[in-house]
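When the chains are written out, they are named A, B, C and D in that same order, and each has its own residue count from 1.
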Amino acid sequence: MTLKIGFLGYGMMARAHAHALNRLPLFFPEAPETDRTIIAGRDPDGVSNAADRLGFDRSTTDWREVVPAVDVLYVLTPPTVHREPTVEALESGVHVLCEKPLSTSVSAGERMVETAADSDAVVGCGFNYRFLPAIQLLKQFVEEGELGTIRHVRGQFLQNWQADATDAWTWRNDAEIAGAGRVADAGSHSFDLARWLVGPIDSVSGQLTTTIDNRPVDGTDERRTVSTDDAYGVLARFDSGARAIFDGSRVATGHTNTNTIELVGSRGTARFHCERLNELEVCLEGDRGFRTISVTDPEDPYVDRWWPPGHGLGWEHSVVHENYEFLSAIRDDGTFEPDFETGLAVARIVDAVRRSDETGRRVAIR
Amino acid sequence: MTLKIGFLGYGMMARAHAHALNRLPLFFPEAPETDRTIIAGRDPDGVSNAADRLGFDRSTTDWREVVPAVDVLYVLTPPTVHREPTVEALESGVHVLCEKPLSTSVSAGERMVETAADSDAVVGCGFNYRFLPAIQLLKQFVEEGELGTIRHVRGQFLQNWQADATDAWTWRNDAEIAGAGRVADAGSHSFDLARWLVGPIDSVSGQLTTTIDNRPVDGTDERRTVSTDDAYGVLARFDSGARAIFDGSRVATGHTNTNTIELVGSRGTARFHCERLNELEVCLEGDRGFRTISVTDPEDPYVDRWWPPGHGLGWEHSVVHENYEFLSAIRDDGTFEPDFETGLAVARIVDAVRRSDETGRRVAIR
Amino acid sequence: MTLKIGFLGYGMMARAHAHALNRLPLFFPEAPETDRTIIAGRDPDGVSNAADRLGFDRSTTDWREVVPAVDVLYVLTPPTVHREPTVEALESGVHVLCEKPLSTSVSAGERMVETAADSDAVVGCGFNYRFLPAIQLLKQFVEEGELGTIRHVRGQFLQNWQADATDAWTWRNDAEIAGAGRVADAGSHSFDLARWLVGPIDSVSGQLTTTIDNRPVDGTDERRTVSTDDAYGVLARFDSGARAIFDGSRVATGHTNTNTIELVGSRGTARFHCERLNELEVCLEGDRGFRTISVTDPEDPYVDRWWPPGHGLGWEHSVVHENYEFLSAIRDDGTFEPDFETGLAVARIVDAVRRSDETGRRVAIR
Amino acid sequence: MTLKIGFLGYGMMARAHAHALNRLPLFFPEAPETDRTIIAGRDPDGVSNAADRLGFDRSTTDWREVVPAVDVLYVLTPPTVHREPTVEALESGVHVLCEKPLSTSVSAGERMVETAADSDAVVGCGFNYRFLPAIQLLKQFVEEGELGTIRHVRGQFLQNWQADATDAWTWRNDAEIAGAGRVADAGSHSFDLARWLVGPIDSVSGQLTTTIDNRPVDGTDERRTVSTDDAYGVLARFDSGARAIFDGSRVATGHTNTNTIELVGSRGTARFHCERLNELEVCLEGDRGFRTISVTDPEDPYVDRWWPPGHGLGWEHSVVHENYEFLSAIRDDGTFEPDFETGLAVARIVDAVRRSDETGRRVAIR
């Protein structure tokens, strides 16, 4: 079986997924074979160059050309344009891997979930951090009870790429295109990990901030309004009674990529920091103090495919593993997690945070 | 001038303050001389032994004996018994250093502030962390504008001393004695630092948890109810628009003493961790990455009194410096910060967090 | 131009180089095109499977078939079998990238250098760590004078893969195959970095140890003698007067991959640790304390080809960059560094360490 | 029993020991009582002020006045003036605590050892780092076999207090007063810890460097020659076969106080860094990765005398504990370790390093 692959979008995540497809034969030879068939984007030159660079047979500026030509659609466009192509693909029986956040509204997400339910296609939502070895090991610790009952969760996602008021405006600053801001873009990763590792979230109190409310537009004299949040704080309670704190920012001076998650349990505590993505810090029962595990042993998740101990992987490997699992699920007529229901659950949290910020009240999820 | 000193209480903070008084002559010879005159406590043997050990002339089980005998009263008892002796001392013109939290209710705190306002005595509230060199350096950075406008504040206070359900019940688990739990005991330190460094807090959303709701009583077969929180989460907004996240816990497995504060500003970011109390991590304008400053140079606050660079101080030094400043203020007929108004402001925050937790609403401070 | 590539050996470094060749088109599209033509190895099944997996057109068990078929030969065999195929290739005008250590004897290295000098082919020795962005940035700091005159160098290479006496014997424990042990295998990386960054080494005092002198042979009841060192210590002096300390071990319990280098200069100090290979710690003039630079900005060496800031690379990227530079040198009729003269200079250091260990005397390098 | 105490010298270590004596009654009430009787120094005003500040009854500029007046003599002068007062004190039956390095020559140290052997007095050499809780815990790990057989030792002592060529000349730069330089001053601490933790050292290869060979004299226009080393490197082999690497520097830019020791054993590895002196990093059998132990639990050595977990101690506490043990030994007619034999053994190592540097040969100890 060779799966024909189509991409919508040719930005960073397109590069990451194309790279993953390129690497699978060397490192995961049992993965289904794929053919990078067609890639769509708005700018004809841009998408044509991307097709060359990323190894696609051809390119188009009309995404409607893509669905009929492929077995699998990768939806890598801004979130407001996720729903339409996804629904069309699913209605044609095409498998869909859609980047996160799944949707900018709960209703759009619901529509995507319903369509997926009516289809035999495999669907996935691009929460790639799940597929890092260290996060997989964290999941194992949780499932094997090494941490006991989880009490506290802390998820951060602090970056500084818009810390300066002179940093340029991007579509991520526009509510119409991006839906929400930092809370959707970064927060959704944290919310996904928390739900996956600990379980459903019952309620949230949220706080959104727009620290810098207009930004210069590159190549012009214009400054454009920032209509999305650039920082957020969230208090959450899980169905289980565990509590969580989340915060994120695009304007956090000094923070290159402080994407962290910590689980504090009755028997142990574990934490992960994305800038040191080959490491997991844990303090398990009987330990004095936190240990830094180099998650690079052959018995660690996915690691036997790569290099010897201590020869760390990079961020991109999360996407390789994600593609391996997603394509394997297609071959096996199986299901893939995180799916659209997960994406929708995360969208509901983002929505609840926004409502809590507006009303000043704790908001139940659902 | 030799100041006669009286202590109420003979626990850990009594040891810390007695130690501080003992050290001032060697390291801060210009501080007022003091005489450890009398110490009061409930248990006759306990307080008598403490008097010997801590260098007091005599002990008593009746705190009312102390006030007439001294120039300065140190109120080191549980917070529900702060108000009465403090008011009596102030009405007699005796200076008062009262441990934090100042009071377990806003009304008690208000009474203490009013009495202090009517008195010429110097008053202080025991937020000793302000007096660590690293925190003083952080304050300097803020005041000199090195961090620019503060955007985000993060304050944690995670400990594990009651992480196990078998850890014994203490008075800190009893709402009648302690007022609130972790949010008062630990949170008040974080709230004080945040207010001191950034300014008044406008509103909070809070979450309180009692993870383990009963505990064994040492030396008995009894288990007693825990009527205070053992963990909290808080979202706050400052008058300035800056936002803060606070969290704390007594049941945080693995965390010996994660007492941290981080200020993210428009020009720089700085953070402190109490387990590495001689260090301050900063990323200032023009820096790539966080630097770890060893706050042990002679030009650092208080450090010229002690040892060469890299020969770090301990926790106790915060209390030495606090005593130095407090006693100097008495000698100079000056004022001392943090005073009772500060203690009351913090009590208001604790109270607002509690109300927010109950109502699920954001609560304005005042 | 499409370069025909042949590999001798199909172990870990073969996988790393094949992977690098596979990635160049996506991330370094201006690199010369390559064709993985033929791969040689001793075991017919092993090499045949490797050919499939690594994307070679065909395989052979006779390395002499390779040279006539290719433009570039990658010598990825144990060091005692580097000389013969390298010499044959060079005499046929085939370019050679030879893994480190270049040779197990000074005389073999001299023969390789001489043959290279008589040839127009481009030669390289596989000191891949040079090509990590953090090490490249370190080189920039040195060249721009940010560190001033280098005073002290510290290079470690501690691993634990043979820390247990039950860890299996490998060819690296056999002096006939490997030449020297840890000092050649790991030390040669450290010596190369030190020479490249600081300059020629004048003399060394060395200490070699075989901590565990026999090991079980996998799949047998036999224990075989370890005839190479498993740990070393070296004091060195550079021509410039700077001094260095090196140590390495295969039996260093707890150390997954402590491959570090630190340069202490008159104006600043910088250090690198391979387990955190996206970071460089520096303390430059005017700094208080060491900063941790995330070497993941677009302006950092090679990083613009990859991902956004804070999305770290892995170990394998060093090999991608090395291949990019080596193949580009071939296209440009240029030269490549590290070349065979570098490999020989490192072999001389290894040899001097061995002689110093035997005689107890400081040994001049040449 | 109240022991009369006399000090020779009133510099930093005098402050540290006076402070220790002052604190013992509060924290180690069972320690012998002491009376700070007399302190001697060259400068009349200086020593008189020191007497006031440090709580001595009187001062003198003639050290010969001290011995007859006291039970215990603290020799806190530069090392070339250790022998004479020590010998005189011992011949009078006065106990002696002598700062390290014990002597600047092997012969002076031998004389001190012989005199001590002929006396009933208790003698000690001021290797205070042994008495830090983290180092004591490390010793426990070694003795309980947690690390197994020690294979490698690494001891560093890097500081930057003379990193700049403009940093002032001190007596530590003068071979006549200080004996050796960095290798004696700092190295002796490392050598002591290594011997105490691992056992006798059999041979060394050493390297001494004087990076900056003259320095300005404070308050003058003069520059004076530096006649001691300011950096050293040492390879050592223990009688047990373990090997060690030591390095130290006063000119190590960026290093405030990198005083570290690491023991790599067959079962585990442990390391200590003086700038984080409340921590011990260990990887014991069965651990994956290094744990950071906060050595602040009540069951840790000495800690029950101080504060709750996570409320760290400072450098000075090492000296408090040292005084507690030394004075207790006097009361108990016992012996104290480290004694003069230890001090002499360390002096022999320093001497051997110097000879090895001169001759380029490995030098046997003894």
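Just so it is clear, a residue touches a chain if its C-beta (ideal position, glycine included) is under 8 Å from a C-beta of that chain, and two chains touch if they have at least 3 such contacts.
Chain identities (UniProt): A, B, C, D = Gfo/Idh/MocA family oxidoreductase.
Just so we're clear, the structure is a prediction, and the values are computed from it rather than from any experiment.
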Label of the chain whose CA centroid is most distant from the centroid of subunit A: D
A-B or B-C, whichever has more C-beta pairs in contact: A-B
Whole-Å separation of chain centres (CA-atom averages), subunit A against subunit B: 41
Subunit B-subunit C separation of Cα centroids, rounded to whole Å: 55
Residues of subunit D engaged with two or more neighbouring chains: 256, 283, 287, 289-290, 294
List of subunit D residues in touch with subunit C within their complex: 148, 151-152, 154, 158, 163, 165, 205-207, 209, 211, 231, 233-235, 237, 241, 243-245, 247, 249, 251-256, 264-269, 283, 287, 289-290, 360-362
In the complex with subunit A, residue positions of subunit C that touch it: 12, 15-16, 18-19, 22-23, 25-27, 29, 52-55, 159, 161, 256-257, 259, 274-279, 294, 296, 306-317
Of subunit C, residues touching subunit B in the complex: 283, 287-294, 297
